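The letters A, B, C, D, E and F name the chains in turn, as written, and every chain counts its residues from 1.
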Amino acid sequence: MNLCLAGVLDADTLQAVRTTLAGADFADGSRTAGWHAAKVKHNLQATDDGAAQRVQQALMAHELFRAAALPARLRAPLFSRYTTGMGYGRHMDDALMTAGGGASALRADLAVTVFLSEPASYDGGELVIEGPGGTSAYKLEAGQAIVYPATTLHRVADVTRGERLAAVLWVQSLVRDAARREVLFDLDTARRGLWDKAGQTATSEFDLVTKTYANLLRAWSEP
Amino acid sequence: MNLCLAGVLDADTLQAVRTTLAGADFADGSRTAGWHAAKVKHNLQATDDGAAQRVQQALMAHELFRAAALPARLRAPLFSRYTTGMGYGRHMDDALMTAGGGASALRADLAVTVFLSEPASYDGGELVIEGPGGTSAYKLEAGQAIVYPATTLHRVADVTRGERLAAVLWVQSLVRDAARREVLFDLDTARRGLWDKAGQTATSEFDLVTKTYANLLRAWSEP
Amino acid sequence: MNLCLAGVLDADTLQAVRTTLAGADFADGSRTAGWHAAKVKHNLQATDDGAAQRVQQALMAHELFRAAALPARLRAPLFSRYTTGMGYGRHMDDALMTAGGGASALRADLAVTVFLSEPASYDGGELVIEGPGGTSAYKLEAGQAIVYPATTLHRVADVTRGERLAAVLWVQSLVRDAARREVLFDLDTARRGLWDKAGQTATSEFDLVTKTYANLLRAWSEP
Amino acid sequence: MNLCLAGVLDADTLQAVRTTLAGADFADGSRTAGWHAAKVKHNLQATDDGAAQRVQQALMAHELFRAAALPARLRAPLFSRYTTGMGYGRHMDDALMTAGGGASALRADLAVTVFLSEPASYDGGELVIEGPGGTSAYKLEAGQAIVYPATTLHRVADVTRGERLAAVLWVQSLVRDAARREVLFDLDTARRGLWDKAGQTATSEFDLVTKTYANLLRAWSEP
Amino acid sequence: MNLCLAGVLDADTLQAVRTTLAGADFADGSRTAGWHAAKVKHNLQATDDGAAQRVQQALMAHELFRAAALPARLRAPLFSRYTTGMGYGRHMDDALMTAGGGASALRADLAVTVFLSEPASYDGGELVIEGPGGTSAYKLEAGQAIVYPATTLHRVADVTRGERLAAVLWVQSLVRDAARREVLFDLDTARRGLWDKAGQTATSEFDLVTKTYANLLRAWSEP
Amino acid sequence: MNLCLAGVLDADTLQAVRTTLAGADFADGSRTAGWHAAKVKHNLQATDDGAAQRVQQALMAHELFRAAALPARLRAPLFSRYTTGMGYGRHMDDALMTAGGGASALRADLAVTVFLSEPASYDGGELVIEGPGGTSAYKLEAGQAIVYPATTLHRVADVTRGERLAAVLWVQSLVRDAARREVLFDLDTARRGLWDKAGQTATSEFDLVTKTYANLLRAWSEP
C-alpha cells in the first residue's frame, strides 16, 4: 500500500512549518542512519519540537490515515533537506527505532513522507519505492503525504536543481500485518456505507459486519 | 457452538435407516474407542454402508450445516444402540481418527449426533456436553442432529428405559479454529442478506464483504 | 464462556457500594457508547473512584476469576442504572477502549457485569447474550457477577418494574484467544489437583504438567 | 505483486494453442462463475485438454514464475474469448475452487492471465486490478502472462473492437501468505547471487542463508 | 532434539538388511543431492525396496519414535556407504523432497540415520550436528538410530578406515514446530504416568490432561 | 540454546561484585520461589542494587548476548549462595515474573546464570539442564555466563564442598520463539559477514538479506 494523502497540511500549517524550519539547525543526516544505511545517506537533517507536533497532529486528524494505518504510535518527525547534488541511496529502514524520551522501542511498520516543497521548485528528489510488483516514484504537492510500507527497499533520487524539504516519520500500527490491516479497512469502509445507506441505523447486516470488525481487531491488534 | 439442526433426516430417510439397522450386526462398542475411553464405553455399535451414506448425504445437503461447519471431510457414521442400563461415561474424542479405506487420518474438529429414536420412547440417554461455561444436555427429536465441538468432555447418560439409537460422526472442517469459523459464518450471513436486500445485485458494500470473506477463507482454510 | 461468579461482593462491600452510588451523579449513558451503539443505549451512568476500586479489588481477589480470565488489565468499572422503561439494545462492545489516565488503549477481551440489585426488586433487565450456539439470559443475585466474551452481540432487556443497578467493566487478558485460555485453565486445574493428591509434593507428572503450563503461558501471553 | 512474465509461450506454442482453440466449443462464461460473479460476467469460455496442458507446462517451466509463486498445484486453464461489447465486471474470485477430476478443492492464492491475442488486434479488454494502493490496467503481448494476487477485486474492461483471447488459471501456492512468499523469494535471489559470485561454491554466508531459506520454507510451506 | 533410539533394528532384521545391501547397486551419491549440496557429497548410495520396508516398519513400530516424532509420512530410506576417504561436507537438507511414486512433496521436518555398521569396524564417519548451542558428534551401535531436526547444518566426517553403512530417511511430522512437538510429548508422558499410577483408570486430572493433549493436537496437527 | 558466554565480567567488575556481596544480607531463598518450587529450593539469596547494575550493564554490553538473545527487558539479578549441603531441586521457572518497581510483569523467555566463584573452589553445584535431547551440566569459570531457555526443567546439584556464588536473572526477548530467534541470529551473522567481505559496502545480496532481517524482525518482534 503506497497511499497518497491529500490535504495533510493546510496552507497555514505548511507556512508555519516552513518558517520554523528556516531557522532550524540542519546537520549531516548520516548520523541518524543505521550502520549500513549511513554510507548512502547524503542529506541534511533537523529536529524541531514545534514543527514536529504540528505535523503529527495534522496526520492524526486525517481520517483516511487513521482508518488505513490504524496507528498505535508515531515516531517524532525528522525534517530532511536535500540541496542540489544530494540524495539517499537504496536502503532499508530499521525495524525497531528509538522513539525518544525514554519510551520503549518503536516498531516501524509504515513510513510517511510529508512533502514540504512545491514540486516545481526542484528537479529530481523523487521518493522511489521498490514494491513487490515493480518500482514507483513519488513527488507530491507541498502539504501532501505518502504512507508506504517500511518493509520495502527505497531511495530518494538525487536532487539536480533547487531544494527538497520534507518531514519523514514512522508508524507503529495497531495491526502489524499489512494484509490484515487491509481486511479491517475493507470492513470498516463497508459498515460505514451500510450505516449511511440505512439512514444511520443498525441493520442486522450492519451488526454482523461490526461484530466481525471488532472481533478481528481483538484478535489482531497490539494496543 | 452446540448447534441443533432440524430436519436433517426426513421421514422416509429416517424410516429407511431404521429398517436397515434393524437387520445390522451390533457388537460391543468399546472395541472402537481409544485406549482410555474404552473403560467407560458401554453400548452396542454397528456400521452399515447404505445407512451411513444416507446420513452423510442428508447432512451435506443441509445448508445451515455446511455454512456453519465448513466441512472438508466427514468420517463415515457409526451407529450406536443403548439399551436399558447402558451409557458412555465422560470422555474425550481422539483428535485424529482413521477415516477408513486407506485415506489419511481425519482431524476431528466437530462431532455430530443424529438422533434416530423418538425421545418419548426411552428415558435417560441425554448427550451431556461440558462446555467452558457449564454443562448442557441434549435429547432431540428423531431426525434432528446436534453439531458440537469435539474439543469438549462429554458423555451419554445411562438409558433407564427403552432404547436409544443414534448415528455419530465427525467432521474435519476447512477451518479448524472455532472462532474463525464463526467470523466466516457471520460474514457469509451478512453478505447473503445484503445480496437479497439489494435485489440480488452487488453493491460496493457487498463487494467488500465478499472480498473479505474470500480473503479470510484463503488465509484460514486447509482444503 | 459465560462464567457466573458467586460471592464477588460480600454483604458489607455491596452495601458500601450502594450507599456511595446513592449520592453519585448519574447522566445519560449514551455519551460513552461508540458512534453506532449510542443509538440503542437508554440508561443512566455514573463513575465513582471509590466504588470502582472496591469492585475491582473484589474481582481481583476472586481466585476463579483470576484463573479463568488471566487478567492483564481491567478497565475502571462504570455504574449503570436502568429505571422502568430503560434498556440497551443489541450491540457490540468496542474492541479497543480508552482506559483513562493517559494509559494506552485497553483491548476488551472479556466483559463483566456485577449485579448490584436484588433480582426480586425489578422485572426485566436480563443481560441477554447471543452465543454461537444460542441465546442466554442472565439475572444474578446482588453481589454475583458474570464474565462473558466481549466478542458477542448482547443487550439488556427493558426494565419493566423497579430499578436495576450494576457495575460493568472489561478485561484485557494476558491471553487473548479464548480457546487458549481454556487450555491454560484446564492444565492449571489439573496440576493443582495433582499437587494436593500427592500431599503437596512434586511428582514427575506434576513437573511435566507444570512445565507445559509455563511454556504455553510463555508462548501465548502478552504481559 | 502484479508480476509480468515475458516469454511464457514461445511462437510455436502460441500458434498451436490458437489453432486448437479455433476449433473449440465456446459457451456462455457465466456458467462457471460463482453465484454472485455470474451477474457481471459477459464472455465466452472453452476448455481444451491439449491447449491447457501446453499452457500449464510452459508456465511450470518458467523459472521466475516458480521462484515467485512457489506453486503447489495449478487449476487447469480456462480459455476465455471476449468479442466486441463483452467484458467482465468487478468481481472477486472464489477462494476455493473445484480442481476437477475428483481432486480435493484448490485454494486460489494467485491468478494468472496468459494473453493470446496481439494487443494491437483489439481495443479495450484491459485486465484492471484494484490493488491496495491504487488501480492498474494490463494489456500484454501475446504469449506474455501476468500473475496477480487472487485477493484483489478486478475486472476485464469491455472490448470495443476485435477479439481478446486469453488463458486464465489459478495457483495454490506452497506458501499462502504473500509477504512470506516475498521473504522466500528475496532469500532465494540472494543465495543464488552469493553462489555465483563465489564461483559456485558454498561460503559460510551462503550456508547460513540457505539454512534460513530451508527453515522458513519448513515453517511456512503446505506441501 | 537429537534423540538416540536403541533397538530399532533387532539382530535378525539388521542381518537381513545387510545381506540385501551386499548385493545392491551402489552409485555416486551426489546425484540425489540438491544443486548446492552435490559439491560436498562424497559417498555411494543405493535404494532397495525390501530393505527400505524393513527399516521403515521397524521405525514405525518403535513407540518412543512415534511419541516424539509424531510421524505423518516417511520418505523411503536411502542406503549410504562411505568407504575410506569418503565423507559428506557441511550442508543443509532440502525442506521439500519428492517422496516418490507420484505422491505430493514431503516436508522434511526430522532426519533419521540408522547405523548399520558396528562402530568398531570403521574410524571416522561421525554424524556431526551443529545445534544452536554447540556441535555434537554421533557414532551409534549397529541397529540404533538418531532422530534430529532437519533444520540444522550437519555433515558426516571423513571415514579414515573401514566402511560405514547407514540408512537415512526423513520424517514429515504431524506437528511441524519442534517446540509444539515437545509440549505434546510432555503431556502424553504425563497422562500415561497418571493412568498407570491410578490403576489404569481415569481421574479428573487424567481427563483434563487428555483433553488438553487432544485439543492441542487438534490445533497443531496437519494430518 | 545453551549458550556459554566468555568474558561477561572482567576481573575488576568480578572483584567489585564479590566485595559488595560479602557485606550483603543473604536470606532463605525459598521465599522468592513459586508456590511449588519453594519446596525444593535450598539456598541463600540476596539483592543488591549496585552489584545488580554492574552485572546487567556487563551483559548488555556483550555483543554475542545481544545478537543471540535480542533482549527487550532484563529482570534485576538475584544473587544466590550455596554452602555445603545446599542445592536446588528440579523445577520450572515461572513464565511471568514481577519485574519490580511497579513495572508490568516480565515474561521469562531466557534464564542467565553468571558464575561468580572459581570452579576449583567448590565441589558439586553444577547447573543441570534437561534439554529435549538429553541432560547437560554446566560449571563455568568465574565471570562467565550461561544463557539457556527458561522453558526447560533444571536444577542445581548439591554443593558438597566450598561455596558457590552466582548471579541469576531472566530475559524477556524481543522475539519469544526460540526457532525464530535462531533465524534472526543466522541472518544477522550472514549479513555482517557479507558487509565485511565486500569492504563494508552494500551489495545487492547484502541489501536483500538486510531487508529480510528487518522484515522478519518487524513480523516477529514485540517491542
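As a working rule, a residue touches a chain if its C-beta (ideal position, glycine included) is under 8 Å from a C-beta of that chain, and two chains touch if they have at least 3 such contacts.
Not measured: the values here are computed from a predicted model.
The set of chains touching chain C and also touching chain F is given as A, E. More C-beta pairs in contact connect the chains of C-E than those of the other pair, out of C-E and E-F. Although chain D and chain E share one sequence, what matters here is the overlap of their interface residues, and that overlap falls short of half of the numbers used.
Note that among the pairs C-F, D-E or A-D, A-D reproduces the B-C interface, with over half of its contact pairs the same by residue number.
Distance between chain centres (mean CA atoms), chain A to chain F: 38 Å.
Inter-chain centre distance (chain B to chain F, centres taken as mean C-alpha positions): 50 Å. Multi-chain contact residues of chain E (touching two or more other chains): 151, 177, 179, 211, 215, 219, 222.
Counting only pairs that meet the touch rule, the chains in contact are A-B, A-C, A-D, A-F, B-C, B-D, B-E, C-E, C-F, D-E, D-F, E-F. In the complex of the two chains, the chain F residues touching chain E come out as 1-3, 132-134, 151, 177-179, 182. Per the touch definition, chain C reaches chain F in the complex via residues 72, 174, 195, 200-202, 206-207, 210-211, 213-215, 217-219, 221-223. Looking at the complex, you find that chain C touches chain E at residues 179, 183, 186-187, 189-191, 193-194, 197, 203-205, 208-209, 211-212, 215-216, 219. Residues 36, 39-40, 90-96, 104-109, 150-151, 153, 172, 176-177, 222 of chain C are the ones that touch chain A when the two sit in their complex.
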